[in-house]
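For clarity, chains are labelled A, B, C and D in written order, and residue numbers in each chain start from 1.
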Amino acid sequence: MKKLRGIIPPMITPLKGDDELDREGAIRLVEHMLKGGVHALFVLGTTGEAQSLSYGVRYEFVELVLKQVAGRVPVLVGVSDTSLKESVKLAEHAKQHGAEGVVATPPYYFGSSQQELIEYYTALADALPLPLYLYNMPSHVKVFIEAKTAVALADHPNIVGLKDSSANMNYFETLIHLLGDREDFSLYVGPEELTGECVLMGADGGVNGGANMFPELYVEMFEAADKCDIKRVRELQHRIMQISTSIYTVGKYGSSYLKGVKCALSLLGICDDYLSYPYRKFREEERAKIAEALKALGAI
Amino acid sequence: MKKLRGIIPPMITPLKGDDELDREGAIRLVEHMLKGGVHALFVLGTTGEAQSLSYGVRYEFVELVLKQVAGRVPVLVGVSDTSLKESVKLAEHAKQHGAEGVVATPPYYFGSSQQELIEYYTALADALPLPLYLYNMPSHVKVFIEAKTAVALADHPNIVGLKDSSANMNYFETLIHLLGDREDFSLYVGPEELTGECVLMGADGGVNGGANMFPELYVEMFEAADKCDIKRVRELQHRIMQISTSIYTVGKYGSSYLKGVKCALSLLGICDDYLSYPYRKFREEERAKIAEALKALGAI
Amino acid sequence: MKKLRGIIPPMITPLKGDDELDREGAIRLVEHMLKGGVHALFVLGTTGEAQSLSYGVRYEFVELVLKQVAGRVPVLVGVSDTSLKESVKLAEHAKQHGAEGVVATPPYYFGSSQQELIEYYTALADALPLPLYLYNMPSHVKVFIEAKTAVALADHPNIVGLKDSSANMNYFETLIHLLGDREDFSLYVGPEELTGECVLMGADGGVNGGANMFPELYVEMFEAADKCDIKRVRELQHRIMQISTSIYTVGKYGSSYLKGVKCALSLLGICDDYLSYPYRKFREEERAKIAEALKALGAI
Amino acid sequence: MKKLRGIIPPMITPLKGDDELDREGAIRLVEHMLKGGVHALFVLGTTGEAQSLSYGVRYEFVELVLKQVAGRVPVLVGVSDTSLKESVKLAEHAKQHGAEGVVATPPYYFGSSQQELIEYYTALADALPLPLYLYNMPSHVKVFIEAKTAVALADHPNIVGLKDSSANMNYFETLIHLLGDREDFSLYVGPEELTGECVLMGADGGVNGGANMFPELYVEMFEAADKCDIKRVRELQHRIMQISTSIYTVGKYGSSYLKGVKCALSLLGICDDYLSYPYRKFREEERAKIAEALKALGAI
């Protein structure tokens, strides 16, 4: 398998209501991102609200996206679960519809020691029908996949990469140092604010939520950083930070980022902004602030 | 509905292998606890490893236990989930087989503000076919159901109680102060080390894992505390702390408690000690220590 | 040394301005508490804002209180510090003026492992001229003095007790189980909401901030619990919880408790309510709420 | 005042015993770092074990270093304290001996809200005789100086910069975005693993502990990044990560970094490796591993 490099947007899941997909919106969003040049897609991640959806909707969404993409770019499917068996079942569904790989956080109800993480991921990778990317997401999962654990797991033939959403760059630099030269293991950074510098320092790409809205911006950042064009990286970083400090900071919610992205996509005419529990979409006042932010960015 | 008072063991889920119930063990365990005089049963809680089981096994286990209990005591079913829809589906299954109520933690992947908890639990209680007990479990869920939130939710006609596993007695005393006198709302404590004092101070009972092994001990503690027999409470507390400091402290695992209970039940001849991922059962050396502890307790 | 049992109020430090004692207020407060029957005093604890005071003021306050108490009850002095040497120096000053013992949290800037805690406390107890009480205060210190560590340290001839402010009753019940029978080691609980049940279960007393305001209430609670008079314990608990849920919950501050106690003491005419940085005293609006709460309690 | 840019090592405090300076070692270490081209020095930071030292030793060390440096480079002095008054006193001492500025974390015993941080730092900066650098160190202090708070404080005429030791690059990129263009405010990164990318993205320098041992390496990294020489940045990063993953990872201590730096300096013949409580220096076995690591790095 060739290493996947570039921007892999963690796709939001367009919803119309409780546990009901906005199918037309989802199709528009896929086309919007592909037109923007993204290198792959990642569905059912944190940005995709996967855990808040029923399994029925998760399965339906995987099928819908894979059918729409139809092989134009690789699609990764999030199978993070507290039950190993449910992860494997969803991965089988994903494979059947053409996914290229799956992504999984550690189990997020029971905490795990690092030794337990090794045992868990080994058992999972053994059972999965598709290559597995580790997903470090300590703020939601409580557990950190330590660098030594990642190095141990990287030797499993079916574990092919790691996405880090910790924003802890000591950790990510350690991963780059220990694993960055391997041809069979990829390193992606979650927070889009860090894609520029991470790729400059040797990462393989970014799983950046902002690419739902502005796919071409993050693609250009990846390319500038990949060519070590620092001047361009700094210019693009300025715009990325404008998005980050306006669209993602409305209200005092832990979920301001998610609400902001969905609200912006709705204002851009791409899809509905319904959010599943425990979250609710922005009200009018907050929506007006997102509209203002989009105007300031020249996006509407 | 009459208030449920007493010992409600959070039943472990006897397993034979990955995602495979030990059905005979489960039946023996139900009978063992009923014989010990427990006032109700709680299945699919944290002690039941609910999140680690596939939905198939969860549904099967609910049916098995309800059939075996056959109305002799009330049965509560854990429906904690990250997806509201899945919680409701499981509750419908539980109702169909005769459960008396359901129990739910906050969603445990995405964090919630207290306002979001109120919205979430209101929507959940509205949709559930059975009365709901709130389940405060901050160490696994990351979110704390604050006292003010519990008070607000206690007014919902379908929310009938709260089980607290935080071990934070300032919090629990505040709940007793604010909600303890209500006839339509029950307060249970999770950690068995606290059942004596909590009942003395006004709680309705304990959801105590040790009652899988020694149901009569915790039942007696409840009764002694309910009668304000301090002398007996202190004697029973001594034995409860012996269990707690021997059976639950083998190895340096976050899951020593769970491994200890399952291992002890296996040594007592009641059921298998298989654990689902991310945990593994005790090895021989650790099992020997549990055997020793049981001997010291006079249990084998 | 005879074991100290009963209510040991953690005395607030009356201030008139930045780093300036309200000496008259301090004298009134000492007399107020002694009149209320408290069994000892504890100065320079968390409630005393010790860490926020200059060393000059800390030394002055120790001298002032010891002179005023003049041996009527034992006085304990907080010597918690990040520098072992500074702890010892303050303890020498305390001894010179007649203190009976000292109290120390773990160092609170650098984190410590449990092994490092044992080494630190051993070195400290070796160097101290007075008996040492351990002070478990994880919310401020980040480090938890685990039960095993406390048991190991209890064998040091100069370590004579532990005050627990964690509010974690599993922990405290474990301490009672492992150390409660020792004649040379005392166990005190910090949160006043727990004094009743802790003494019922075997603790030696409470280090309760509310006793600055209402010393006789907590003294009566200690005595009722010590005699196992549950009926009276529950009545007193009701009043203690009224205080806790009114005086300590004004505003959305982490320091609402401290601001509330000082404001109430000012309204009761005992001392000034100045607070040292990083905290500021209540403004008029909040002060009015404390006045209301005191009226509801019949205290003014 | 001209903006300070470059490498500002957080100097370790050479000790011979409990609260006893290794004065000769300190002089050698100053000369070693100045010879390596560092742009300034920072004494009494976290790496300097400031909080573990008595005030007597803190004052003595400030005087010693300032006398030895004798104006060759600017010297910043850490005045982090839980007592505002003690911070100001130490700053006066530092000014008297020629320091250029002071550095302070938030108070680290009592937690502060962001509003309280603004009040605290404003009062501190008003009272200080030297310019103040904010010091974000959440792992030790528990409190995070949020970006909005830093922006508000940057307008104070006596607050001139911020050092971030959080390793959270989302935060640091936000600071660069909001404050990076100001001529009167500097941004430094603590973790040396991040100096390259931070300077590439617009930071003013690094406060890097490794510069105690290898000052010229971090100076070269600063210069390469400042010139946007990515190729050289990556080469130097490789060496920096070799140090980080060998010298700082011996043993399972929270303080492995500090023990490693002091042990290496001892092996390099620069100064004693005594550590103040709660830490102890490496034993022979661990010391041998540091010696090996230094050999692998070609340093001995």
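Everything that follows uses one rule, which is that a contact is a pair of C-beta atoms (placed from the backbone, for glycine too) under 8 Å apart; a residue touches a chain by one contact, two chains touch by 3 or more.
Just so we're clear, the structure is a prediction, and the values are computed from it rather than from any experiment.
**Q** Treat each pair of touching chains as one step and give the shortest count from subunit B to subunit D.
**A** 2
**Q** Among the chains, which has its CA centre at the largest distance from subunit B's?
**A** Result for max centroid distance from subunit B is chain D.
**Q** What whole-Å value do you get for the distance between subunit B and subunit C if each is reduced to the mean of its CA atoms?
**A** Inter-chain centre distance comes to 35 Å.
**Q** Express in whole angstrom the distance between the two chain centres, defined as the mean CA positions of subunit A and subunit C.
**A** Whole-Å distance between the two chain centres: 49.
**Q** Mind pulling up the subunit B residues that touch subunit A in the complex?
**A** So the residues of subunit B touching subunit A come out as 18-19, 46, 49, 51-57, 82-86, 89, 106-113, 116-117, 119-120, 123-124, 140-142, 253-255, 276-280.
**Q** Please give the residue numbers of subunit C that touch subunit B in the complex, ascending.
**A** Answer in residue numbers: 167-171, 173-174, 176-178, 191, 193-194, 196-197, 200-202, 228, 230-231, 234, 237-238, 241-242, 244-245.
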